[in-house]
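The structure's right below; bear with me while I get my questions together.
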């Protein structure tokens, strides 16, 4: 027999920009050998709306609505870093009650976003029922958001110096009821997802991201905590009233898709714990600080961040003393996290690419801005 | 880039052919037309096409509380098997070409719902350098649903309007898209 | 030939009538399953499922069918026209042929070691189960060339996956069937249904599990729907098929769902024979038990098919290599163990007669 | 705080500037040619997390802005460097610090600042064929 080897070609497969599992419009150009990914290249920008440029031509209060549309799953959490950047630049002290309200809504919003993300992880593994159950609970949450802000997703509720409106009557008891309801539902998700053997077989050991590599790439959020790095801005650099609240930073050391799922799942319980404390702690008082009619922060650069469901969401604000920002930059966690995807999926099969991408759970509105 | 998109959209003529829709037809053919239009209106399968915020309102519309499966529509991931394209979210200039491609891949009786302010007109991003100012610059739109994002109820209203439109234009049986 | 037809015109009329009736039955069953699946899925997910079209959405499948038949035709630029055109038919035709082999409304009793089969709608083939196994595996050829000829990478991947999957799961499935044939001593589906003194699901429980899992893989239901893989391969092998071509694939899928239910019924649930304790429902019309056995047969098959839908819809999907491991490393050894176990039963006469009405000559 | 300033001044000759009152970070300004060394030695003394990289227009030039975090000591540092507007080009940190990969591509896309030594400096967010730099102050939409 002569020394002849069979040469097989690789094929190029475009996953996206329209694909059921790309969480929006994202394109992953993969090079496949059979079904194994040899090489991949993320292509971004299909939802690039130029928010940073738009913001340069708007006054500070006009910019807030654009933040709701960044990571549309967690509007409250997106508004916060911007208003807090302006507040810190102007030296405004936010009243205690407003701080508590902000944290309450942010944690409720975190639950809503995590519900979507864990549900989507089930959906991408073809377990549609888990997604439906998660969205069912989210519907109750959206009702709470409507009661507070008047909108289901794009809230525009936070203001420089406080919040737009107080909680409606009976809101806290509704939150209380919801939390009890959600606690009963958590085992349901567990039985559909992490206790299911196929789910475990599909996610355990898949999409490994080593902690040192994650730090090198600037990853954050559940992606980092799923790699065993205990980094949570709420704990490391407490903003608002997080230093008065007790909670645990969830980490899992397995570095795989399953660990990232479990981080999200456990963080829902931690958020519930935080909300329970807030419910008993909300003080009386104002919801707005004294803020000038026209917001003109003094000159200077500032960076303010928040622990968003995806990771560290930051706002860099450069003011030149006028009523419009000189430059505003959004540090998007999805943007940095997507950089880790090509390294994570190398050598995996196409279905694992989907499972891994679902566990990174980027929101393209935020990655592309 | 932008101009090309505008021209692409204008190629599509949306006028109804008067010869077809004169309303004079035999009793039998009219009934058949009614039946086909009835089938189409009651089985609107949307494409899983979503770009931005409206996507989640769209997903919620198919979830337990609103459950558009009642109306007989469920998502198909491939454009070949779809009837209606719900453009949920901002269409950027980079996304315009794929959007047009997806629309072209849908076989003939096809309809487009522009969901949300962005898809209708560009919405809050109308001043942006990278956003198409309304998806109708790229593909023809049948029903516009305003809102930012529209609630699922609004989407349902849009769907019923589309059903009405299908019944009203039953004589041309989807030939309005050439 | 024509003379022969003219002489036997009544016979031909009956055959044609039965054929058309069967076709309608297949159509109705396939359409109905789409509705059943959506309704069931809705109830599982605290939704209602189709409601607006007709009472409780009962006309939904009809609306879907009308729409799909009236859909424009598409020929992708990169498609291989010949194969693209015929692959849906290659996929669907076996499903229909298989249907004709299924002993709906046949009633069998073993009297003095002789199987007395009274059948109304059944081909009565003496190698029925072998034929079904052979013909069912032709469908995947349709899927394979359909996926390849579409000229789409997603459909190509789906098609290749489906071929690998079908070939692997054929083996444990056939061995599970072999065990049943050993127990019953016949390949005639009517007789297999009739000789079960105890439903074979009890002595052949392992075989039942293997058969159901392998069948799930063969009909591409969710834990094994890799060929379609909605979230990864968009729609898999049928990604480029529109309108009536898609309908054929769709029909084949749902027909096979019913066929799987029917096979489970025949092989493990005693076919059209009612449970013993419900003997009073076993009514005789014109000398046969046709109506009662048809009723029981269809009821059992539906129940099994609905069970499959229910089972599959709460599961995530497995990966291709896990699927292969499952077939070759788990199911195949288990089914071989099952063959030995069955042989022990069959050779032990008293034990065998506990489960089976033995046929003469055994 | 002061000992860090000493440490930094000792290792790298830079000027330390004031930040606004609300900003806890330390701000240093370096020249283009010292940028890479500065960033590397900052990484060596614990600022091992690149939080942000961006640019901003000043009156007649650009500033490239790096924000580094040191999570073990809970401190952060800003590194500013001036970019010439006529020849917007600074060295790239990507070969030794992967976190900067996409961030540098974004800055290139938005401001047209070229990062020498970047392995794949292409536009990342704007559509193909787009040849303007939208975040520059003089940018006007042309269609």
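Labels for the chains are A, B, C and D, by order of writing; each one numbers its residues from 1.
One rule holds for everything that comes next: a residue touches a chain if its C-beta (ideal position, glycine included) is under 8 Å from a C-beta of that chain, and two chains touch if they have at least 3 such contacts.
Predicted model, so just to flag it, every value in this text is computed and none were measured.
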Q. Can you list every chain in contact with both subunit A and subunit D?
A. B
Q. Of all chains present, which has the mean Cα position farthest from that of subunit B?
A. D
Q: Could you put a whole-Å number on the gap between the CA centroids of subunit A and subunit B?
A: 30
Q: Find the geometric centre of each of subunit C and subunit D from their Cα atoms only, then give the gap between the two centres in Å, rounded to an integer.
A: 64
Q: Round to the nearest whole Å and give the separation of the Cα centres of subunit A and subunit C.
A: 45
Q: Take the average of all CA coordinates in subunit B, do the same for subunit C, and state the distance between these two points in whole angstrom.
A: 38
Q. Which residue numbers or ranges of subunit B touch two or more of the other chains?
A. 63-64, 77, 92, 94, 129-130
Q) Residues of subunit D touching 2+ other chains? A) 125-127, 134, 139
Q: Mark out which residues of subunit C touch at least two other chains, giving numbers and ranges.
A: 45-47, 230, 234
Q) Every touching chain pair, please? A) A-B, A-C, A-D, B-C, B-D
Q. Can you list the residues on subunit B that touch subunit D in the complex?
A. 1-3, 92-94, 129-130
Q) Contact residues on subunit C for subunit A in the complex? A) 41, 44-47, 153-154, 157, 222-223, 225-226, 229-234, 313-322
**Q.** Residue numbers on subunit B that touch subunit C, as the complex places them
**A.** 35-36, 38-40, 42-43, 63-64, 67, 69-72, 74, 76-78, 80-81, 83, 105, 107-109, 173-174
(Q) Could you list, by residue number, the parts of subunit D that touch subunit B in their complex? (A) 125-130, 132, 134, 139, 141, 143
Q) Can you list the residues on subunit A that touch subunit C in the complex? A) 11-13, 19-21, 35, 122-129, 132-133, 136, 192-193, 196, 198-199, 201-202, 349-354
